[in-house]
Amino acid sequence: MKRHLPLIFLVLAVIGVQLLTRATGAAFYLTPLTMAAYYSLVVVGLCLLMGYAGQISLGHAGFFAIGGYLSAMLTTKNLMPLKENSLIAACDRLGLLTHGQDMFGEPFLHMQPWPACGCAILATVVVAYAIGIPVLKLKGHYLAMATLGFGIIVYRLALASPLFGEADGISEVPGFPILPGLAVSGDFSARVSNYYLAWGLVAFAMWLLVNLIHSRVGRALRAIHGAEGAANAMGVDTARYKLNTFVLSAVLAAIAGIFLTHYNGGIGPSEAGITKSVRYVAIVAIGGMANLWGALTMGALLNIMSLRGMFGSYDDAVFGAILIVIMLFAPQGLLGIYLPAALKRLLRRGA
Amino acid sequence: MLLEIKNLFRRFGGLQAVSDVNFSVRQGMIKAVIGPNGAGKTTLFNLISGALPPSSGEIQFKGRPIQGLPPFRIARQGMARTYQNIKLYPGMSALENVMVGRHCRSRAGFLSGMLALPWTRREERAIREKCLELLNLLDIADLAEVEATSLAFGQQRAVEFARALAMEPELLLLDEPAAGLNIYETAEVARLIGKINAQGITVLLVEHDMSLVMDISQEIVVLSFGEKIAEGTPAEIQRNKEVIRIYLGEDDAEG
Amino acid sequence: MTLELFSQYLLAGVTYGIIYAIVGIGFNIIYNTTGIINFAQGEFVMLGGMTAISLTQWLPLPLAIAVAVAVVMLIGALVEILFIRWLDHPSVLRMIIITIGLSILIREAALHLWGEGVRSLPYFVGNEITTVQILGARVSPQVLWVIGVCAVMVLALSLFFRYTLQGKKMQACAANRMAATLCGISARNMVTLSFMLSAGIGALAGCVMSPITYTQYDIGTGLAIKGFTVAILGGLGNSMAAVAAGLLLGLIESFSVSLVPLAFQDAISISLLLGILFFRPHGLFGSKDAAALKDF
């Protein structure tokens, strides 16, 4: 099982870093580390799509937003006015809703986090299939633009719709209880458990994805990426595989969005924006298009640096520069270049 | 009849690439399609394998119409093909390329793949063994782990062959299997085709190398400018005046 | 709807439409010679406006615009030489990502140079409250400038491609690069020229529209998307069709204001883009077979 060796390193590193922060009194680092974990989840899903299935997506932040916004909206919106609606009443009878009272003593009704999460994921699956079927028939620039367009529509909807809080987004999102005593929330006291929860989720996702790329499906995906027509001729249903990979990567992004929203206690329209989508693509590119562990490493590293403000006001510019530099000099990603060969190539071209 | 082509037409704008072609391929035979360059042979293959839809006409495989079906469906019914300019998957080893050929004979899907269920691992091992056997058959087992597109041309040819065989097809379409090969390699190809035919696989091949064609085919179809101009045994074709004319020119046909 | 309202929408639609058409033509010029979609196209428009605005501090308006256009053309050439020229048969994916990265960098540079603020060039004739009456509507004379200048650019371009030697060289390059090179045409120079041309027309459009639409560091992306929509709508590579498509998009957007809230206006052009991509990617005027042949 040597394919899972990096997984062991990951687990050790995660534990090690947490102990380090405890030892150096830098526990505040756990917050950006936890957030970076969730962003990395989006990145590895995108890596599967771009690197293995070979389909670019410039709108993946849209799926992150669909997950986060829906979960936020369902858990914070007062469903009281809809109490008579049969669907809402059914949810109530199933125990999916919380009753409470707001500040003014008025009765309050909103959805519990678990069913909200379920609804958000379901919605993501539906949207991903609906968008995926037409979009994945496109290639090259057309595919890029279509995914970009999708991302922009989600962003515009989030920005313009009062249901989603317009420019302010949704806040006061409650914590997400996973197990008794364990909840995804911004609670200070739960910092460590949230950190392990986030990275545990990432580790689990990596285990699943590494298994997938080493399986028959992974091989088929790489064949599709390499020579789609020839893959089809060998019996691979290329359209279905591309679609399923698209949906899988969308679901991963949505899950990341849901959990991060509950962790942060809120979400804003910037999470759906083009800059975020482009950022994810930049990270996949620098990690090495078809390198899951590279994408994870770069995702964690770059997100932590960005979250800690290390890039200052040049945050977006950094990712733009990464895109250019990597694509010009190292299209196989940072961790894929062999330095002497790259230098030789560079010098030869100059001559 | 394993494969029947009926009144097949394919137009590209103003060009009639394939025009009213009719022929059949019996189970167990080796049939060749020959003709000068531009005769429409590769287009014909693309039509049969589903890479191109016909403008009109019918293609029947095992008694069922397959024209217009996507290539993967036709492949799953038991038809495999190789390509004139070799389409191996870059970034994958020779063995992995062949293992893709085994795709329609295996079942592990997304969910079972992600969870690495025990039966999928058994299936993977079986796939791997079978494909190594095929590489062995073609004498390239030592190249199993080499990246496919970095291999020599003849070796890439062999990998494509193995990949097609991995599908356990009933009908094998070979698009110029001897192109770019020398006399010895061509003889090797002939031997190989004979061997797999003996195992029951029907072969339809497009080829320019006349010695190979005359040597191994039981029947030959001759195309010219998209039309079928002759069909018959190698001996009949060699005597056919029309065929001689399109290959060698007017004067020689008279003689 | 009154005649006045109708005319307002019509003129607004034509104004924005022809701007989109110019951006779309910019896409087409570069696409025709290189097969690349230049995602940074919108930034040329932004740069034109911003540079001209800065230059008006020292130069009279016409000169400021001329210099700004020249500067942006130079930037276009630089972009091509530094980032595109020496790539060896890059894949489509790689090119897409590079031009996206470029657009981000240019945008961020603009942010750091000029800040977040909204700026504009002064009106060419009169000021903010001057109006002229056209078809029953009262509009700023700047509208006539936009339509006029852009129309002249379109005409000049079509004359350039049809009748001048340089233009014909570029067309040769677009049709068949190898053959063009064999005829002694320097394909590389044609590529640089196409970038300069696209940058130039974008910059001029950016200057002329600035008084009405204002210029800000981030207007590039939105324009690029609309320009791309227009280029696709007309059939990628077909510049005359881009004009028609641009006007169509402009008019649809303009008249849609009467139907949907302004905030959703962008969603309309995006939906149009998606619709075209899904149902007719070769555009309204393109041919399916021809589009299939182009190896983009």
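Going by the order they are written in, the chains are A, B and C; count residues from 1 in each one.
We adopt the following convention: a residue touches a chain if its C-beta (ideal position, glycine included) is under 8 Å from a C-beta of that chain, and two chains touch if they have at least 3 such contacts.
All of these numbers come straight from a predicted model, not from anything done at the bench.
Student: What chain lies closest to the overall centre, CA atoms only?
Tutor: Central by C-alpha mean position: chain A.
Student: Find the chain most remote from subunit C, comparing centres computed as mean CA coordinates.
Tutor: B
Student: Just the number, please: Cα centre separation of subunit A and subunit C in whole Å.
Tutor: Each chain reduced to its C-alpha mean, subunit A and subunit C end up 33 Å apart.
Student: Distance from the CA centroid of subunit A to that of subunit B, rounded to the nearest Å?
Tutor: So the centre of subunit A lies 43 Å away from the centre of subunit B.
Student: How far is the middle of subunit B from the middle of subunit C, if each middle is the mean of its Cα atoms, in Å?
Tutor: 49
Student: So which bits of subunit C are touching at least two other chains?
Tutor: Residue numbers touching two or more other chains: none in subunit C.
Student: Going by the contact rule at the top, pick out the subunit A residues touching subunit B in the complex.
Tutor: The touching residues are 208-209, 211-212, 215-220, 222-223, 225-227, 229-239, 244, 248, 290.
Student: Please give the residue numbers of subunit C that touch subunit A in the complex, ascending.
Tutor: Listed in rising order, the residues are 37, 83, 86-88, 91-94, 96-98, 100-105, 107-109, 112, 221, 225, 228, 232, 261, 263-264, 266-267, 270-271, 273-274, 277-278, 281, 296.
Student: Tell me, which parts of subunit A touch subunit C in their complex?
Tutor: Residues of subunit A touching subunit C: 56, 58, 134-135, 137-142, 144-146, 148-150, 152-153, 156-157, 159-160, 274-275, 278, 281-282, 285, 313-314, 316-317, 319-324, 327-328, 331, 349.
Student: Can you check the complex and tell me which residues of subunit B touch subunit A?
Tutor: Touching subunit A from subunit B are residues 49-51, 70-72, 75-76, 80-81, 83, 87-92, 96-97, 99-101, 103-104, 106-110, 112-116, 120, 123-124, 127, 163, 167.
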